[in-house]
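In the two complexes that follow, chain A is the common piece, with chain B as its partner first and chain C second.
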Partner chain A sequence: MTASGTRFEDDMVLVKRRRDPFLILLWIVLVTFALVWIAPVVLIAFTALKSNAEVMATSAFAPPETVAWSNFSGAWARGNFATTFTNSAIITVIKVPLGLIFSAMAAYALARIRLKFGKLLLLFFLFGAMIPFQVMLAPIFTLVNGFGLIDTYPGVILPYLAFGVPYQVFILHGFFKAVPKELSEAALIDGASHVTVFRRIFLPISLPVLAALLILDFVSTWNEFAMALVLLQDRHMWTLPLGLMSFQGQFSTDYGQLNAAIAMTVIPAVLVYMIFQRYFVSGLTSGAVKG
Partner chain B sequence: MAMVQVSGLRKSFGALEVVKGVSIDIRDGEFLILVGPSGCGKSTLLRMIAGLEDISGGRIEIAGRVVNALSPKERNIAMVFQNYALYPQMTVAQNMGFSLEISGMKKAEIEKKVADASEILGLNPLLQRKPSQLSGGQRQRVAMGRAIVRDPDVFLFDEPLSNLDAKLRVQMRAEIKALHQRLGSTIVYVTHDQVEAMTMADRIVVLRAGRVEQIGTPLELYDHPENMFVAGFLGSPSMNFLRGTIEGGSLLLSGGERLVLPSVPRNAGGELVVGIRPQGFAIGTQNGAKATVKVVEPTGADTHVLADIGGTEITCVVNDRVDFAAGQEIRLSISAAQVHFFDPVSEERID
Partner chain C sequence: MLNSKVMQSSRTQALLLIGPALVVYATFAIWPMIEVVFLSFQHWNGLDPQREWVGLENYQYILTKDPVFWIALRNTITWTLLAVLFPPTIGLLLALGLNEQLFGRVPMRAIYYLPVIIAPIAVATMWKWMYDPFFGLFNQVLTNIGLQAWIKDWLGDREIALYSMFVAYTWQYVGFSMVLFLAGLQSVDRSLVEAARIDGANRWQSFKHVTLPALRVTIAIVLVLSTISSLKAFDIVYGMTGGGPAQSTQMLALWAFMQSMQIFDFGRGSAISVILLLVTLTIVVPYLRWSQRDEGASE
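== the complex of A and B ==
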């Protein structure tokens, strides 16, 4: 026992000596950046749990002495969160899956169905991703107004879809192109239609990409501000970021409640991330074809 | 089971024509192998039969039905791909039952058919595994199982053994042949490996640059190659070609050496090419044409001797263990009962 124990320790020393200095450097960089990124999160979390008096009295990074849960209920009521939260949820829950389905179908068609102007169409889609949406804000307002959709859910969902689809098509097209063509050919010979190939073969094997896109799209839709500001004038149609902005204006001195509001805005995105990140498993196509 | 008739088939990719008017009648229940070097159009031809490539010209009939404009699923064919192309997220059983499921077959019936096919292929213990948990040979067997359950008119194999190691290839070769004998189905099989073609086929189609060079049974092609390409393609090691003129029952090489021939063609005027299989030489020390040993390759069962005769490199296969040294002079004579004569310009057979 003793002998083997010593040998084990010797091995440990050996392993320690072999540490690559470059790896250590990487670790230092990683930790530094992690601290920089975690700092505001900690700040928000701590401040959200402090009473206003404590916020003023203590350091920003000191943990709360007495946990003021009332900040959350207070912010929820004062910031009209019941309305803005519902609006955000409705818009996001409709837009994100719908956009992904459209993008995936478009990407499949562009990648796997022989079209006469396929390349041109793809270029057209990519072109959509190249226009900064700020430039389009005024025209979009005119357009949406022309349809009489200002202050309605379709009025924001449709422009969101239009701006979300191009980059999703771009990413999914790249992924679908990389799927071995024999896989879809085998399915076509097996009697599958393109709809079946798409649904039964391509969607299951692209789960990691779809999960990544879903998270990205959820976060960006949930947090979208500029377009919502232009298209949603009526307070009762406001989304969370708009509510948060007005909250900041109205109660700028109540930092506890403000940070509680921010935390409540962020939490759904974090939850979605945690739920879907488990689909980020690599190698879903492994075994399909000889590598 | 069905006949497949291919007539005047053409395929162009832009200006490049890769299949140039191919006509083949594939009989009911026949094991037909398309063989040829890379880029000869054999895979394209198979994919056209499958309906995965458009047809630029000509006609394909399966079971008496013109299928030119039909989609792959309407042709009632099954295909086994070189890289297996298994559905990665499905189990072996789901992979095999996929086509039946799409066709709307009842679950119990699918299970029965899958069980039958997996029984034939020895896949029973693997039915619940995913493709990623299988070895190469097992994957290829699943791919074959997927084809069998459908009970198609024609099986199409696109170089199914190319990704397997040498030992497994030999084993699978025998399995596929046994499977064909058991099912009695029509099989069109593409390979670039002439050994596969020789050992498995009922008939072989040798393709070169999009044209059919010769169609026949393996031994017909081996014994009576129509031209130098077919002669050189089939048989391992390849046939030796010696250029020279016929003089009194023997071949006079340009270097002045003489080889006594077992037969001569009827009209043997001028220069011609004689094709001699590597097994058709006898190596001696006294009689025959002078040759210089270049390399000796023992394979265990026999020995390959690469030698230089009058400036032409030839390969001889001898059954004995020989210990020639490189550079050693030997005497070669022809022991084969049959040699082949070809026109040096057209490369066609002369009888």
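== the complex of A and C ==
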């Protein structure tokens, strides 16, 4: 997608290797497979833009003849999207930056300050990244209920933070650990505090990693379903995935609107991914996969 | 003198920096894990102020009197085995292919990764509709190409519903393995591969003797992450079948949720959670020890 630069190189290489039958065969297989892979998405997009009569009359992969934008406004109103969209936006916009800041602070301290129990603490965090919260929905409900936070924003944001922090600490710790000593030592000897070194030196250089983590976290927060199902029972507090689930239950035969509802749920996450994707692979590799 | 003062102040700063993450994490992630163990030895409907200790009664009931638990356990094991086998294998093949300098490889990578960012509940909704026995895409296409005999009630047939669901899951998560393998392949020394090819190794040999050994760590990471993410299959089951028809697609995570939050038996629900947690720990703990050992060696 952001490939205009490399595409030229790719072209050149293809010209050079034109006679390698293996690569040509590989290319054909990959393209065919990619078409199959994207077919469901195309299907959703086309159906979301067709009237119900056209859905019934035309083939599934025929582009819409007359574009029925009304599916979107219809689904928006019937599915109460104004409410669920706002709730999702508020929760995500608070949770994602806050979680990244908490994680970066903790990761810096664990990587850069000598602590007696530093290694143990890191292991303690790492442990959380491996435990699926879907296993513990009932005790999470009990806990949040105990705080009186069911059907509130903090009631979902706090558990979201708790389950987002471990993975981010892990990745950022790996990144901070690899930063050369010289970069921070001079400042520390000059009397700067760790907080200053973190803010002025480490935060700026970790921006690519933070961007990669931002994508991952935005997507998983925006899409989260199981915990929201348990913690948000009042439909005025529902997030988009809960709204979509309920829409599917009520209007499953209105195919145009159903697919418009799916599209509206998915589009924000796809947009964020597309905006930040150039950081994605490079940012992740700097910490996640060693070797 | 100065040194100890610096040490002390840096300890305070460390506490300030770690504090927020640690407090939130310990309260909202670690405490529920401890609480679920308590709950599994109690009888509670989620509302009563009183919780009654009942010892092992919940476990006894689940293991001896609850037929759904065994179905859910079997399905979870089947699902996990499939999830460790298929998406990582396909992901590795795609990564190998898309690591070659091919025309359009960047948009192709994006296409394979796209389903990963779609909400699982939206994937469930999409595929449920495509699997619809009357209006769904699959049966329509089969009719159009003259294979009426293959038409099935994809999610309504107890024999195949689990596998139909797994196809949707594979569609969603192949891109995840692919990205991790692509990242891992960046660390494979290209000149080694080329040297092997010049020395007369064919593609398979150079893959087997150069690329594959270099991917060892990545493969371990992908397999562990695939196992864990398969254990938490919840959204897709909830959205596509709700565990039906006749509990034939029930899984442990969903069954624990239903026992607690729908039948209001927190004790039995928690006992199922604890069993699933133990299964997870038997995978996670050895992996953590292995990765720590690796860390120690590289320092």
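Note that the second predicted complex is superposed on the first by the 242 of 291 C-alpha atoms of A that agree within 3 Å, B and C clash if a C-alpha of one lies under 4 Å from a C-alpha of the other, contacts with A are read in each partner's own complex, and residues count from 1 in each chain.
By definition in this document, a contact is a pair of C-beta atoms (placed from the backbone, for glycine too) under 8 Å apart; a residue touches a chain by one contact, two chains touch by 3 or more.
Since the model is a prediction, treat every value here as computed from it, not as a measurement.
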item	value
Chain B versus chain C as contact partner of A:210, first or second or both or neither	neither
Touching partner for A:125 - first (chain B), second (chain C), both, neither	second
Touched partner set for A:96, first chain B, second chain C, both or neither	neither
First (chain B), second (chain C), both or neither touched by A:141	second
Which of chain B and chain C A:232 touches, first, second, both or neither	neither
Touch count on chain A, higher of chain B and chain C	C
Which superposed partner A:190 touches (first chain B, second chain C, both, neither)	first
Chain B versus chain C as contact partner of A:165, first or second or both or neither	second
Footprint overlap on chain A, comparing chain B with chain C	193, 284-285, 288-290
List of chain C residues in touch with chain A within their complex	7, 9-11, 13-14, 16-18, 20-22, 24-25, 27-33, 35-36, 39, 46, 94, 97-98, 100-108, 110-112, 114-122, 125-130, 135, 137, 140-141, 144, 171, 174, 179-180, 182-184, 186-187, 203, 214, 216-218, 221, 224, 228-229, 231-232, 234-235, 238-239, 253, 256-257, 260-261, 266, 269-270, 273, 276-277, 280, 284, 287-288, 292, 294, 298
Chain A residues touching chain C - in the complex, by the definition given at the top	1-3, 6-7, 9-11, 13-14, 17, 22-23, 26-27, 29-31, 33-34, 37-38, 40-41, 43-44, 59-60, 102-103, 105-106, 108-110, 113-115, 121, 123, 125-128, 130-143, 158-159, 161-163, 165-166, 169, 193-195, 198, 219, 222-223, 225-226, 229-230, 240-241, 244-245, 248, 252, 255, 258-259, 262, 265-266, 269-270, 273, 277, 280-281, 284-285, 288-291
Parts of chain B lying in touch with chain A, wherever the complex brings them together	50-52, 71-73, 77-79, 81-89, 98-99, 102-103, 130-134, 136, 139, 146, 150, 163
Interfacial residue positions of chain A with respect to chain B in the complex	180, 182-183, 185-193, 196, 200-201, 204-205, 283-290
